[in-house]
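Okay, so here's the structure we're looking at.
Here the chain labels run A, B, C and D in written order, and each chain numbers its own residues starting at 1.
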Amino acid sequence: MDIIQVRRDFHRHPEVGFTEFRTAGKVVETLLALGYHVTYGKDAIDGSARRGVPSEKDLQRAFERAIENGADPDIIAPMEGGYTAVIGTLEGNAPGPVVALRFDMDALPITESAEADHVPFAKGFRSEFEGNMHACAHDGHTAIGLGVAKVMAHGNFAGTLKLIFQPAEEGVRGAYAVTEKGMLDDVDYLLCHHLGTNVPLGEIYGGAQGFLATTKMAVHFRGVSSHAGAAPELGKNALLGAATALLNIHAIPRFSSGDTRINVGVLEGGTAANIIPQHAKMIIETRSDSEEVNCDLEERVRKIIAHSAAMHELEYDIDIIGGAIPIKCDEEMVKTVLEAAAEVDGFSSLKGIQTGSRGSEDASYMIKRVQERGGKGTYMIIGTDIAAPHHHEKFDIQEDILPRGVQLLERAAMKLLK
Amino acid sequence: MDIIQVRRDFHRHPEVGFTEFRTAGKVVETLLALGYHVTYGKDAIDGSARRGVPSEKDLQRAFERAIENGADPDIIAPMEGGYTAVIGTLEGNAPGPVVALRFDMDALPITESAEADHVPFAKGFRSEFEGNMHACAHDGHTAIGLGVAKVMAHGNFAGTLKLIFQPAEEGVRGAYAVTEKGMLDDVDYLLCHHLGTNVPLGEIYGGAQGFLATTKMAVHFRGVSSHAGAAPELGKNALLGAATALLNIHAIPRFSSGDTRINVGVLEGGTAANIIPQHAKMIIETRSDSEEVNCDLEERVRKIIAHSAAMHELEYDIDIIGGAIPIKCDEEMVKTVLEAAAEVDGFSSLKGIQTGSRGSEDASYMIKRVQERGGKGTYMIIGTDIAAPHHHEKFDIQEDILPRGVQLLERAAMKLLK
Amino acid sequence: MDIIQVRRDFHRHPEVGFTEFRTAGKVVETLLALGYHVTYGKDAIDGSARRGVPSEKDLQRAFERAIENGADPDIIAPMEGGYTAVIGTLEGNAPGPVVALRFDMDALPITESAEADHVPFAKGFRSEFEGNMHACAHDGHTAIGLGVAKVMAHGNFAGTLKLIFQPAEEGVRGAYAVTEKGMLDDVDYLLCHHLGTNVPLGEIYGGAQGFLATTKMAVHFRGVSSHAGAAPELGKNALLGAATALLNIHAIPRFSSGDTRINVGVLEGGTAANIIPQHAKMIIETRSDSEEVNCDLEERVRKIIAHSAAMHELEYDIDIIGGAIPIKCDEEMVKTVLEAAAEVDGFSSLKGIQTGSRGSEDASYMIKRVQERGGKGTYMIIGTDIAAPHHHEKFDIQEDILPRGVQLLERAAMKLLK
Amino acid sequence: MDIIQVRRDFHRHPEVGFTEFRTAGKVVETLLALGYHVTYGKDAIDGSARRGVPSEKDLQRAFERAIENGADPDIIAPMEGGYTAVIGTLEGNAPGPVVALRFDMDALPITESAEADHVPFAKGFRSEFEGNMHACAHDGHTAIGLGVAKVMAHGNFAGTLKLIFQPAEEGVRGAYAVTEKGMLDDVDYLLCHHLGTNVPLGEIYGGAQGFLATTKMAVHFRGVSSHAGAAPELGKNALLGAATALLNIHAIPRFSSGDTRINVGVLEGGTAANIIPQHAKMIIETRSDSEEVNCDLEERVRKIIAHSAAMHELEYDIDIIGGAIPIKCDEEMVKTVLEAAAEVDGFSSLKGIQTGSRGSEDASYMIKRVQERGGKGTYMIIGTDIAAPHHHEKFDIQEDILPRGVQLLERAAMKLLK
């Protein structure tokens, strides 16, 4: 297995959240070939706990595209409908703890650059799925996961290795459903990571904190249309409800008990100048460094939505389309990671816990579950030089990090499996 | 009885709605002296149907002032607390219909002019109750009522004469409660009138329409205060609820089925810069040329208030502090009025039904009640030159209209009492 | 010329406002063949006065579609870019007045019914331009126009006949630009009409009033995006501006001087949950039975937009995408129409001026221009039974009205051309 | 001088911000008697930099009350109009630094408890100025100031002692104007303090930080009234402007660069149900732990006010009625204070810098001015048990702290004057 080629293959076939049929299919094939026990499809993820699932039509189209691009129809059949989590398990040759590593597989709805100075284009592995792109290094994460699978396939360790490949990290939508399925319930040690995030090649953080708890909501208001000239009083105006909600959501107070963020990112409604608008849609997110405060924000948003709707006699529904909570890394795990890094060539700058991120990460649910059940976890940052910011059409990683990442995770896992 | 002096006495002692203790006391005394059967106090008005009743303290202060200014304590005792309606009844010497005339007695919270060119000041009958003023001719209405009482005291007619002196027409607060007490239930013909309203001396309209249905509401929001710096999230912000309500009330749609008006006339709330505001008060009015549409407006306002409050976890209450409905005059009554006017010197211009007013008048409840029970009614406009617009500090009527008004109403009543 | 077939040909090829290339091309061909002097393209319409012009791309696509469907490329070349007005002029054989007739040609963005009970489908002339449909009888109007052209081609009259075929009546977008080009400046008598509008076959109104003045506006707000978690203070939030504008536009007061309507029919903005929204678009309309009041409404909307934008440091622009004014029909013209109708078989119910419409019609600009210059005009309603309401996917007219309509207009025109 | 009696005298005569005529008069008298050079009236405070000055009438009434209660009319004459700052200066017997101590003198608009368990009532020194109360210990601060004046009157030190008695700390209104007058410009060391704030008797903090920058604003909107039924379109609605401003002010974004607070504490407007409201008043405050962010908040509020007004064609003005900035204590000063405390009986718990306050304090302007010019300052917290929270009607201090406070400040000053 050439990990560089594996990553480039994923890069050419980027699949957004819950449509990672081809990617997950390759993962299943590889894990099976290496002798891992593989759990996937509805056995690996709680369907109803998935958030922000694409439409039936989009799921179907992506499923067919995966097959057209080399996915084995028999292997991916259990994934149909968006069940794209894969868990590979390998028992060691002695009893010991369960050590899990988590990798996210999804891409972004970004059209990749086709300019000469963009390496994937220049070297011929630009996205072939036009409009989608691996612009956040998850192709690298997944490739590293398969690399670790290979180097650990010997089974010479005490305990159980569990490799968790999750869908839909973007929009913080997938980890919660994997966790709810119980996939983390037996884990003693959990290692999560991200490449890049402004940390240069050669540097590593053993943990990362500061991620915000967040909730993403989609709201639909449904009113009644009427002719704006002939009978405006017969309408129930969905945009009046939505605009009222928008202003009041922004007016939710600051909290003395936590840092907060609120955004109504999208508002769309109505049909024509002369029609009282009968529908409106909003996409909202709340964030806080406190999970409790974020819950309070979500409750306040729900209340505002409910009464903005009722005020104008609208019906409404609220879907949770994403969410995450803060991460607290265990010192012991951070230490283990840094010890492992010290044994691998290429890591010259070893750091403790990175703080200050105001982003969100859904591995948080997995780490919390492990910790709640007495286990330990960390979220490490593995530096790599990047060609452009994350989520940019020219984003690219330094591929040297891939083999080093495999070594790092192998060492860290081996330290725990004893 | 010198009707001019009677009017000037009332003018010197103006009493606002539900505090007409001295005025109503004089009415009772006069009617009793003339031999009328008099019903008043709680027997003449439904206390709980009164709207916009002054505070206990204001009622008490006015009651005491009335006694200090010549009211007979025994006579006005039943009025204590604001029960200031008076009904005088006189049976004729033969059976016949019940003919009622309605007069309103209340003044306005206006400080009367003390300039030399203001006749009441110049002639020495300016208001002695500083801050109150008869600036809408109700002093004249009441004087005419007593004049009619005197000239009809002979009882030589077929049927029953009923003279209704109502409180609190300003703010459209009193007629509803008199009507709810059943005072109009036996009436066959009802004659209501107003002096002035931009109609010159010598001109009369037999009826008037176009008055808008209206509802006046007082709303109180109650939240929870907290320190705006230390714990803003613990407050429940009454001003956020009120501002949301205000904007949405103004955004109630236009109606194709009727002309509408909406106003939030007053909003007051909060205590200090650094306190999350815990209370807010709003005064709102709706209007429409359609009683049904006005009801719809009121319902919409109520819904907006309820959900603006709930959105911010506020408690609230809504008090109806005034109301009126449209008036529809009966043609037969208009004709009778004009026939009567033709027989009185001084009416040179006889007109049918005046339209186009966008004001409101609570005699509307009385007329509607009579009509609902098979009777007929009208609301006539008796012209008089005025010195300044109604509700102006220099408002004054041409007193020549007072004896003519008495003659007019006497003739009209006599035509009906047969 | 079989007028039924002409109408069905237009029905099969419905073209929305400013894309009536095929329709207008057929009109040009026919008028030329009949000997009319024809003015069209940029000579017949003021390009910059057109409102709500489709995108370059849509115009181009429709232009090509017209050619693919039988339009003569040479004839329609001057129309490229949306210059789809056509004026046919015929001098009579004696001096006399200029008599103009106006016909609108555009269709609607509605997908036509393909159910068996829909006559155009059953008889094989359902729309072939999927997604567009003649659901407001303009196909009939245009067919009648060509029918009139034919029966008047003899030229035996005193004066000048002017047939005006206008684009884009839907959304009240086209008549203004034809008027601004001066096409109405020499007209002495103007006859406009509409088929249907709930008037049954056999009935005709010589005039119609009550149309509301209206302005349709498209607003774009442009702010600055930023990450909602990492740097919300760096964004300039277009949706906050838009929601503030929406509520305040709805809160524009009622007018005592005219009936008013206001609607924000569409609001769309933002991109994702975690991005401060940087753009928003609104579609707004105002209406009034008074042109002056409608202008006041438009000014107030502009002011609200400007300051809602400035409050949030947004840039904005406002495009007028449609407009109309009230119509006042000349009694003389109404009389002429009814005299003409009396001479045509099939009109059994002749009525004066229809009132009460709360719709809008941009022939209003043409009538006003004629009247301002001393001429006279009317807007008649020619009854026809309809299969479903106007703008419904099953709308259809009774074709019997087409030859009768031709006769009616011919008689009316001949009465004026003398 | 019995410091306990001095404090009780101040307690009986509480004067709110800029009306401290009697208090400041007593300070002037005492300082003069002790041999200090005294600067006061317009020489000690910049009149135009004062914020939230009471009305002329309130100032005059308080001035007269001071004289009625024993103030020397000649002494307080220069204070008339609210110039109530007093600076006492004493040159030592050798050259040295300028050491300043700051004391605030104002009371609160609170009615003091008259219950038996309230010590000032029980012991007969409850407020005699009904409605005002020393409920924040400024009576104690001022008494300590006079105590320090006495014990330092010997002048046996190197340098200059400067005692600054400031008006109007409540509402953070007075220190800025004293600073702007240049009173701090020559100061090398500045000692500020507060009693209580939940620190118990015996405990002292050498410094305090965490105070928020704040701006307090009063806004007046002026529109045009009109009759809500007859001509609503002629009004310019001040409450629509105010409600729009209120919602948008609350919707100012969170900042990633600092903690923020925003409150519209008061909104009042309009006159009656049937009048379009022509005026409205708002009291607003912003806060941040960053002075720069607070300035940004103030700018945003100003922009929202300006455009909410312009949107509804209102005029407006904004008055700054209070303000403060964060405090940063110099370590050297904190150390000096604690060394002094160690030498005084009664301070058993010596602590460094207290953090976590989210209140505001206008001594911040004085400390910043001193630091900007190369000097050093601190804001110490001197513990005392309190009977009820600050600003409560039963607030009271433990008077034992008064002599200890004098000793503490004398020791600290002497350490610096050498």
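Assume a contact is a pair of C-beta atoms (placed from the backbone, for glycine too) under 8 Å apart; a residue touches a chain by one contact, two chains touch by 3 or more.
Bear in mind that the values here come from a model prediction, so they are computed numbers and not experimental data.
**Student:** Between A-D and A-B, name the chain pair that shares the greater number of C-beta pairs in contact.
**Tutor:** Counting C-beta pairs in contact for A-D and A-B gives the edge to A-B.
**Student:** Return the chain whose centre of C-alpha atoms lies at maximal distance from the corresponding centre of chain B.
**Tutor:** Here the answer is chain A, farthest from chain B.
**Student:** Would you kindly tell me how far, in whole Å, the mean C-alpha position of chain D lies from that of chain A?
**Tutor:** Centres of chain A and chain D (C-alpha means) sit 52 Å apart.
**Student:** Between chain A and chain B, tell me the centre distance in angstrom, where each centre is the average of that chain's C-alpha atoms.
**Tutor:** So the centre of chain A lies 69 Å away from the centre of chain B.
**Student:** Return the residues of chain A touching two or more other chains; collapse runs of consecutive numbers into ranges.
**Tutor:** 230, 232, 240, 244, 247-248, 250-251, 253-254, 256, 261, 276, 358
**Student:** Spell out the part of chain A that touches chain C in their complex, as residue ranges.
**Tutor:** Answer in residue numbers: 171, 212, 214, 216, 227-230, 232, 239-240, 242-244, 246-247, 250, 261, 263-277, 280, 283-285, 287, 321-322, 358-360.
**Student:** In the complex of these two chains, what residues of chain A are touching chain B?
**Tutor:** Counting only chain A, the residues touching chain B are 230-233, 235, 237, 240, 244, 247-248, 251, 253-257, 276, 296, 303-304, 306-308, 310-313.
**Student:** Of all residues in chain D, which touch chain A in the complex?
**Tutor:** Against chain A, chain D makes touches at 247-248, 250-251, 253-254, 256, 259-262, 358.
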